[in-house]
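To keep things simple, chains are lettered A, B and C as they appear, and every chain counts its residues starting from 1.
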Amino acid sequence: MNPFRRHPVIQIATLLVYIFLYAPIVVLILYSFNASRANVTFEGFIPRVSNRVEMQGSLVKASPCGAFHWFCELSKNRDVVNAAGNTLKIAFTSTILSTIIGTMAALALQRYEFKLKPFSQLSLYIPIVIPEIVMGIGILTLFSQLFGLLNGWFGLTGGARLSLGLGTVIVSHIAFSIPFVTLVVQARLQGFDKSFEEAAMDLGANEWTTFRRVTLPMILPGILSGGLLAFTLSLDDFVITFFTNGPGSTTLPIYVYGLLRRIITPQVNALSTVWILTVFIAVLLLQLIQNREQKQN
Amino acid sequence: MLQRLRENKSAQGTLLALPTILWMFVLLIIPLLLTLVISFGRRTADGGVIFTFTLENYTRLLGYDTSCDTGASACFNPLYMQILGRSLSLAFNTTVWVIALAYPLAYFIARANPKRRNTFLFLVLIPLWTNFVIRVYAWMMLLRKEGAINIILGSIAHLLHIPFQPLEMLYTPGAVLVGMIYEFLPFMILPIYTSLEKIDLSLYEAAADLGANGIKTFLRVTLPLSMPGVVAGTILVFIPVMGTFIVSDILGGRQVILVGNLIQRQFLDARDPTFGSAASLILMIMTLIVTYFYTRKFGFGEEIVVA
Amino acid sequence: MAHEFAVELRDVVKQFVTPEGNLLNAVDHVTMQIKNGEFFSMLGSSGCGKTTSLRMIAGFEWPTGGEVYIEGEAMGHTPPFLRKVNTVFQSYALFQHMTVYQNVAFGLEMEGADKNEIEKRVKRALEMVQLTGMERRRPKQLSGGQQQRVAVARALVKVPDVLLLDEPLGALDLKLRKEMQLELKALQQQLGITFVYVTHDQEEAMTMSDRIAVMSKGKVQQMGTPVEIYERPANRFVADFIGESNFLEGRLKSLSAKEACVVVPQLNAELTGIPVSHGLAVGEEVTVSIRPEKVHIAEKGMSQNTFKGKVTNTVYIGTDTHVFTDVHGKSIKVFEQNRISRLDPGSFYTVGQQVILVMMPENVLILKKD
């Protein structure tokens, strides 16, 4: 019934926007097979598979991995592997903690009135409306002042010195994840019928058992959504991590940023390609699982 | 004791919310307060802070400079105001462009066959899920003198026998604008899509029944009803653009400096946390002011964000 | 261990704060005693306080004033899981993520019963509600009536002292509802457990209950057997809420233990009836209530309580014919049972027809004027 649906202008505009969205990614992936090490222009695919790497100037003529040369280099790159490990460690830890804390907060905000409620709601709202950098440098300031103070008082030096590292990053990630988890879980709690909990208590379950056997299973989809969101936010975060990380706690986004300011080889592209593909496959799997679940119901 | 807790509902609520309250207090409220306090301080030679009260940092931001070329004791240095202005106008331009590009796409998806809609949305979301930094890098590759765009333009020029000089696209304000648009486009597509999708189809039928043609229907029915999505999207775009420094760092080089870069540099290169804190606070206040007036006029669009 | 009263409410008050900030007594100084083994109903329209009272017995709400006793023990702030009562919820509240078996077994798990015993008791409970074989199904796969039975089985399997039912049949269609009413009543009689039943449907309450408490605005208007409530309503509210009544206003002219005489200006006559309310005094303004089925259209009148009326409307219900008459300008309803099968419209009452209305004194109820 809608007159605009088939309008050519809309369709062309849509196509152009999609091209706009994907062109950079396509180029990115293409260049990860670039024979040229300098990665300035695309010099074609690496021609031959051989036992060792043969270079001609800045061109890779042959390689044990053939066209996938840069991917192999990537896998041998200690720093990347470390960064990936850090990224995952941070993401898992912060997700688990922020999901638990955020779910508790959602329950509190949805079902109770208490003196600190307005404060809670406000402080959960602020991170969403201020630029990340404001929070980032605020936290950096906190840590530098705090650590400076503590290091001075206790005379900590060398290895015992408090400094930025995995701990500070994780703690900061939890801070920006909690508002989002709370938001998602609260939305899920909105439609929740309390009579299920009353029924459980009526049948002899105390508050904790009721929560464990009845409430939790029923709000689990919401909690998982929140957790997934927290995981994604942590995995992808750049700004806050940038200001709170230290040596040894580099994450992948930080590592890539560092590379961009130095020498850019197609390894960066290879890393990007791997990242894109991993995300793509993960999302596809999630969709398939969701579809399967929907069909079951 | 357990029974006491059982009876006190307010205490239960506080207990559940306690970890959140503590976390947000320590990692949000205190940092913001610290930033405020430090912004009135003075820097030490090695990048530390002297806690005192001075308005130096703020006056410096507003243009009061004590190291003048003309030898005068004080003069007007518009550098920082320019940076603030540039950031505001970039945020504004980005938002406008993003709305212009996002709307047709969102419209298309909302009106598409329901079975296909998820696929279209999926396609919009994939770039979003690749990392921010990677996406910026991708544009770097495209915009370079030897980059893909220049290659394509060069080949076309070659075919048409037109002399061609590779365009210097990188390290210009235009590059930063394109980068910002690219980064934040999906954040506008989704909210607009959500609000368009919610429009009851029978409204279109009613409008047609009452004599409205295509354009009138769009202007008087569709557009107003999609406003919550536009509002939500604007907030999701405007605020981050104001604070982003990566895009201008990588695509703008040293030439384009935004507030985000300013703050970043104060903390890392120049090692003046007091000045950086002042700039950060001004940034936050500006964002809050803009958000406040915007939502006052147009509403929150909260319902869109949750979806 | 059975106390005389399964449940007792003594001067119970439940106060809420309205959104406007006022204090409201949802339950306003209610006292009632529910006997062991009886089927007791709380009847009233929404907002009368019946559900709130039930929830206070269950333990989901705590009284603002007064005390709830179960088997003689004061409940105070005891939580629901420590009370020997179980509830059948209006929405059934079946655990969607558990099977029928798991739902019914839940309460037994909470008691710590071992697997074999649970299996036995669940099986028996499902037999009792005729749902054998449904153990593996999930609530979503059941019809409304089946879900309702699972809710009952789940509550009864624990053999509580008292079973509380909060409008459990509201969501069912008429025929199913009537079936379930009979089934529940039979179940109660078979098990001998005290049932406390909340409903707004008077027919339901009258059908199933041993005793009924009629409630309005947080107060108990009358408590008694269905017969008592119907034939001897304590006040105008009960007379109006239960069944239908013709109401007249008048002044008490004479009064004795068994008979009273009222001057009714509306009919320009005197009525002889029986005093129902306590503490009536001669000369007092009173309300007279006569049920429509107890007004007779007669061939000839009596020495008293006889009036000439004109038919204004008739409605054919099937079992009855409702005849609306005008007596001295006052509208009097008459319900006459259709004892004889007839198809000829002329043999029914016609509009404008003159009729003689007779009311037997024992059917004229004299109530205190509110």
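Definition applied: a residue touches a chain if its C-beta (ideal position, glycine included) is under 8 Å from a C-beta of that chain, and two chains touch if they have at least 3 such contacts.
Predicted, not measured: the structure shown is a model, and the values here were computed from it.
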Winner on C-beta contact pairs when A-C is weighed against A-B: A-B
Most remote chain, CA-based centroid, reference being chain B: C
Length of the line joining the C-alpha centres of chain B and chain C, rounded to whole Å: 64
Intercentroid distance (Cα basis), chain C paired with chain A, Å: 60
Between chain A and chain B, centroid-to-centroid distance (C-alpha), Å: 18
Chain A, residues touching no fewer than two other chains: 207
Residues of chain B whose C-beta touches two or more other chains: 6
Contacts with 2+ other chains: residues of chain C: 79
Contacting residues of chain B [partner chain C, same complex]: 3, 6-7
Partner chain B, residues of chain C touching it in the complex: 62, 77, 79
Complex contacts: residues of chain A adjacent to chain C: 193, 195-196, 198-207, 209, 213-214, 217-218
In the complex with chain A, residue positions of chain B that touch it: 6, 9-17, 19-21, 23-32, 34-35, 38, 48-49, 101-102, 104-105, 107-108, 111-112, 122-127, 129-135, 137-142, 144, 146, 148, 151, 182, 185-186, 201, 204-205, 208, 213-214, 217-218, 235, 239-240, 242-246, 250, 260, 263-264, 267, 273, 276-277, 280-281, 283-284, 287-288, 291, 305-306
Chain C residues within the chain A interface of the complex: 58-60, 79-81, 85-87, 89-91, 93-97, 106-107, 110-111, 154-155, 158
